[in-house]
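Lettered A, B, C, D and E in written order, each chain numbered from 1.
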Amino acid sequence: ESRVTVFAAASLRGVLQEIAAQGEIDAVFSFGGSGTLARQVSAGAPADAVILANNDWILWLEQQGLITAKDVQPVVRNSLVVIAAAGTPPLTNAQVLPRLLADQRLAMGQRDAVPAGKYARQWLETEGLWETLTGNLAETDNVRTALALVARGQAPFGVVYATDALAEPAVDIVWEVPQTSHDPVLYPGAALTLAGKHFLALLNTPNARTIFATHGFLAVPE
Amino acid sequence: MNPDATAWEALRLSLWVSVWATALAIPLALWVSWLLARRSFRGKALLNALVHLPLVLPPVVTGYLLLIVFGRTAPVGRFLEVLGLTLAFNWTGAVLAALIMGFPLMVRAMRLAIEAVDPKLEEAAATLGAPRWSVFGRVTLPLIAPGILAGTVMGFAKAMGEFGATITFVANIPGQTQTLPSAIWTALQIPGGESQAAVMVVMACIVALGAVALSEMLARRVAARIARS
Amino acid sequence: MTLEVQITHRAGDFSLDTRFIADEGITALFGRSGAGKTTVINAVAGLLQPDAGRIAVHGEVMFDSKNAVFVPPAKRRLGYVFQDARLFPHLSVRENLQFGARYSPADAKGPDQDSVCTLLGLTPLLDRAPATLSGGEKQRVALGRALLSKPRMLLMDEPLASLDGARKQEILPYLERLRDGPLRLPILYVSHAVDEVARLADTLVLLEAGRVQKAGPLMDVMADPAAVPLLGVREAGAVIEATVMAHADDGLTRLKFSGGDLHLPGVQAEVGAKVRLRVLAQDVLVSRDRPVGLSALNILPVTVQAVHLGNGPGAAVVLQAGKDQLLSRITTRAVKELELEPGQPCFAVIKATSVAPISIGR
Amino acid sequence: MTLEVQITHRAGDFSLDTRFIADEGITALFGRSGAGKTTVINAVAGLLQPDAGRIAVHGEVMFDSKNAVFVPPAKRRLGYVFQDARLFPHLSVRENLQFGARYSPADAKGPDQDSVCTLLGLTPLLDRAPATLSGGEKQRVALGRALLSKPRMLLMDEPLASLDGARKQEILPYLERLRDGPLRLPILYVSHAVDEVARLADTLVLLEAGRVQKAGPLMDVMADPAAVPLLGVREAGAVIEATVMAHADDGLTRLKFSGGDLHLPGVQAEVGAKVRLRVLAQDVLVSRDRPVGLSALNILPVTVQAVHLGNGPGAAVVLQAGKDQLLSRITTRAVKELELEPGQPCFAVIKATSVAPISIGR
Amino acid sequence: MNPDATAWEALRLSLWVSVWATALAIPLALWVSWLLARRSFRGKALLNALVHLPLVLPPVVTGYLLLIVFGRTAPVGRFLEVLGLTLAFNWTGAVLAALIMGFPLMVRAMRLAIEAVDPKLEEAAATLGAPRWSVFGRVTLPLIAPGILAGTVMGFAKAMGEFGATITFVANIPGQTQTLPSAIWTALQIPGGESQAAVMVVMACIVALGAVALSEMLARRVAARIARS
């Protein structure tokens, strides 16, 4: 049979479905958090491929002996932005954040558990703001929750992926986090079967790249 | 704002899973409730605690534990697979997750009901010659019908709403393991998915309201029959 | 030996130490409130496991603490009519009545539903829920339910307390028929009502504070002046056996007993039948001379056997009438005026209407 | 006018259409099982809202369907002793007894806990849980609980049915004292036992199938031969009022009534007090001549007023004794032999011990 | 495998939050149970359905709904803030989430218990002069103590285990809103975090077992008192 089953990070949902539809690929997706997906694969999930938001879990899968390094390929890239309620003027630089926050909170993914949180922390450390802001963080279980907190006015600022920020009309991007201030936001994919390998290859076609781009994703550096 | 195919599919699966989970749980929950309410035995405290456990643990943990025990690579899971029962990444696993998560709710309701039955009526049945099973079936059971109903509607509602353990144990495969809660969560994972999620939330509410209303109607009928003497 | 009970039991401050043997027929357990009657009957039914002792029904051991025998209630086949009716609230009256039917062995004998319903007046209630029944109606359904389980023995805990006199008059002969009919159903009967007990019981067990004060054949226990305080002064009296001789046109029946003839109204038994009569002490007058022109039809020559003067104004006089004894309760003043003393011949005057149907048994 | 009841109500097949008025004292509601007694008493208590009608206590309207008045039970201050005891299972006997105390107004009068406990024999039970009580003990606690709530009126639904004779003898005078003492506590009393009713009641309401058959002052209703079938043949009798004249050393009391003197044992009332006597028809003998040498101390000259011949062997003879009437139940054979007919002077013979304490009221 | 500071902190917070949530929910749940069991009014079906809703909805959705209703920019949230009650990113918000998620469980248990009380006993109390409140307090309440206990232990257990609604509504701030389930979840998201998670799971189990055992002990005592008459 030609159906391919892909376990993928939840933030890729819209884009992967669009690529599958356009490419007339018979693919089913099971979306979830990266840690969950990795464990499911290790428990024998009927997946042909996994695409995670987090390289740590790919390494874990390798350690488990479920995949080898050659099965892994980067699929797409994302970037980090600072968001605020729609209509907020852009920041002049990152250093103003503590003052603007005052006693309010900066929403972001959990620093250890959520990849976006890990990148945000790296950025804040690069900026020298981490120590200052640790008391003012609202860490969430995923980027979408952080986005919701800002959209609902619960927190004045949040650090999320550019792709999420673009699609939410209630928030504006007020600062683009420099790519160099943190590890690259890479979504690594791993094929578990031949069908999975084919699917991952498809994601590298120009057509797929275009769709990724329209959703705000960046191309993987060659 | 019409529900799309995914939503209908998720609803269908959720109903299917919930009905199975509830139906399977009822006899088991009844038995455990009866044990807890009427018998004393070694390990009773442990059983009681075990029943409550899914309530206390974050659902994700329950899901992981299920994965560890019933996963395809785990011995139990492999054994069941040999018997033809695949749980992990299958709707049957969703049934198991929903059953386990709803179990404490069902047991509590049924146990309370059993404890409220006047043992004097059971004694009277015994003097009329009824063996223990008949006493249970003809006296205790009808008298605890309101409790069974209450437990069933709670178990069903919980099964309909179960998310964390389910998505962890059986993943989120549309048409196979994507229940309504999983679908709602998935919809919320991409920006702009709120309206799609809202439609499914409304669906869930309608089912819940229906189940609750149905159970109330049945409960009234049962109560009218059991009007105290 | 229909029933052997020999048990000791403690509950809180109360301690039971009871031992009695009952032959066929009806055994009455009589005692004040709190004497332990319900406790004993529960032990017989198997709803309570006594601390120690032995209980046997028809020679079959139901409980024996020494040999660790305890037959569960469901296996004892004893129909229990509870002091509180304990109807099943979720079942209709009909369903309550039929509850026990399926558990009796196929060859078990017992009354059928129709006759029970007719006798107990349950037919119009069959489709009702127990919650809508009156106190007396509940009790009747409970009695019917126990009967229809075809028990080997009936245990009745004050089953008639909430019934009116007329209804009792209907049910008592029925219980007698159960006892005397082909079923020969033995009954253990708890009651406060001496008249019921006197009418029904073959064996009387007087219970006081958990202990058997007196037990034995009814007539022996009832005629014992020592039992008077337990039975109540108003209820003391003798029980005699008489044979039906003839029914007269005016509704009076002539009966013969060892002390002479008696003319009584309302006797249903056939000529030749033996019946039991309860003659209350307070219904017996004593006369030195044979009275004339008196409405009382029964005037018997008797001899004073004994005079028990109490500390109050009343005295109990035991009168020998043939081989039977009658008890008369009169005032000490009358004892003096009539100069009654043992050996004195005199006449006992008994009103025909005093010995009412309820006191005429088998 | 202590209590006015005029209600109609339907429940299933049963329909109630009851109207009666009760003056001070004790009103007895008498009727067969299922006649509607509990239904009426529930309506008075406010536990049941009748379909239509009016209920007033001490002139205060409790229920009036026309004016949409319905006073909730808690505001009626009627102490209700239920047919089933309804003790609070989670409270000790003491707590049950004290339950209602705090709700009665500060100036409400009523018996104190000690006297109630002593009388009802509750003192040893105070720390017990209701579940451990015997049937009769529960009923006594329920009575005590109602009394201690200091009600304006007491509603009692067969409160003594599960009590033994001796206990009843203790409680009945107490109820009389409540009625006659400074509290003048009115009581609505449901009973099957005619002797209780005859002793206690001032007003008697005979209920049959939801309808009042007869209602009025006790003596009127009891003396009416038409009431005999409702009351039961054995229980028919006259109720007369007498004055205590003297207490003799041998325990007999001389009482005077319009028909002459009576000598009775066990009268507790003081000299000069008026008491009520119930003389059962079956305890009255009729003699043409004054009998001599008879143990019966009370021989009264009377005139035959009327002779009611039934279809059975018994006849009711109404005897005029002064201004009072006595009822005698004798056989039709005796009526013929003695040639009794209206206007015939004769003698009524009443055994001193027949008029037992239970029938001596206020 | 000793619990680290984070674990202890999370445990402390979870206990604190759960105790508060349970304590606050008891009177409210009692009131709602009583309404549902004993009164009839318009909107009863709606109230009943509303109570069940948190059971049916995925917890994340409940969290979102909480944000919408109690968020800082929402009227209710703003009003509460004026009153000095900050829910956002505060342990108080975690209490609210836990309360709402445990509420249906508590109401069901209490309602069943209320329905099992013989109204004849309440009538008896009324004839003794007790006004409605006293009847409830002195008769109904003690008689339903087993149900209250059962509801309380369920509510507490659920509060200890609540994760989705809490993390969505008040995030996951160590020492302030990071409850035991949040901490366990966090640990599980890090490869190799299992052992740390296991320690906390054991902690949660111990608390749950303790609560269940305590409630059983109390229940036995209560039951002994209420032994049927």
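Here, a contact is a pair of C-beta atoms (placed from the backbone, for glycine too) under 8 Å apart; a residue touches a chain by one contact, two chains touch by 3 or more.
Just so we're on the same page, UniProt names per chain: B, E = Molybdenum transport system permease; C, D = Molybdate transport system ATP-binding protein.
Keep in mind that what you see is a predicted model, and the values were worked out from it rather than measured.
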Partner chains shared by chain C and chain E (touch criterion as defined above): B, D
Steps in the shortest chain-to-chain touch route ending at chain C and beginning at chain B: 1
Reference chain B; chain at largest CA-centroid distance: D
Farthest-lying chain, centroid of Cα atoms versus that of chain E: C
Geometric centre distance via CA averages, chain E-chain A, whole Å: 35
Rounded Å distance, chain B centre to chain D centre (Cα mean): 60
Distance between chain centroids, defined by C-alpha means - chain D, chain E (Å): 57
Multi-partner residues of chain D (at least 2 other chains): 84
Per-residue overlap in chain B, given as positions that touch at least 2 other chains: 60, 64, 120, 185, 188, 228
In contact (per the touch rule at the top): chain pairs: A-B, A-E, B-C, B-E, C-D, D-E
Chain C-touching residues of chain B, taken from the complex the two chains share: 120-121, 123-132, 134-135, 138-139, 142-143, 225-229
Touching residues on chain E, where the partner in the complex is chain B: 45, 48-49, 52-61, 64, 104-105, 108-109, 111-113, 115-116, 118-120, 146-147, 150, 153-154, 157-158, 160-161, 163-164, 180-182, 184-185, 188, 197, 201, 204-205, 207-209, 212-213, 216, 223, 228
Residue ranges of chain A in contact with chain B within the complex: 5, 7, 10-11, 13-14, 28-32, 36, 39-40, 42-46, 142, 144, 147, 163-168
Footprint of chain B on chain C - complex, ascending: 45-47, 72-74, 76-80, 82, 84-91, 99-100, 103-104, 129-131, 133, 138, 145-146, 149
Sites on chain D touched by chain C in the complex: 11-13, 31-34, 37-38, 83-84, 124, 128, 132, 134-137, 140, 157-158, 161-167, 192, 194, 232-235, 248, 250-252, 263, 265-266, 282-283, 285-289, 291-297, 312-314, 328-335, 338, 349, 351-354, 356, 358
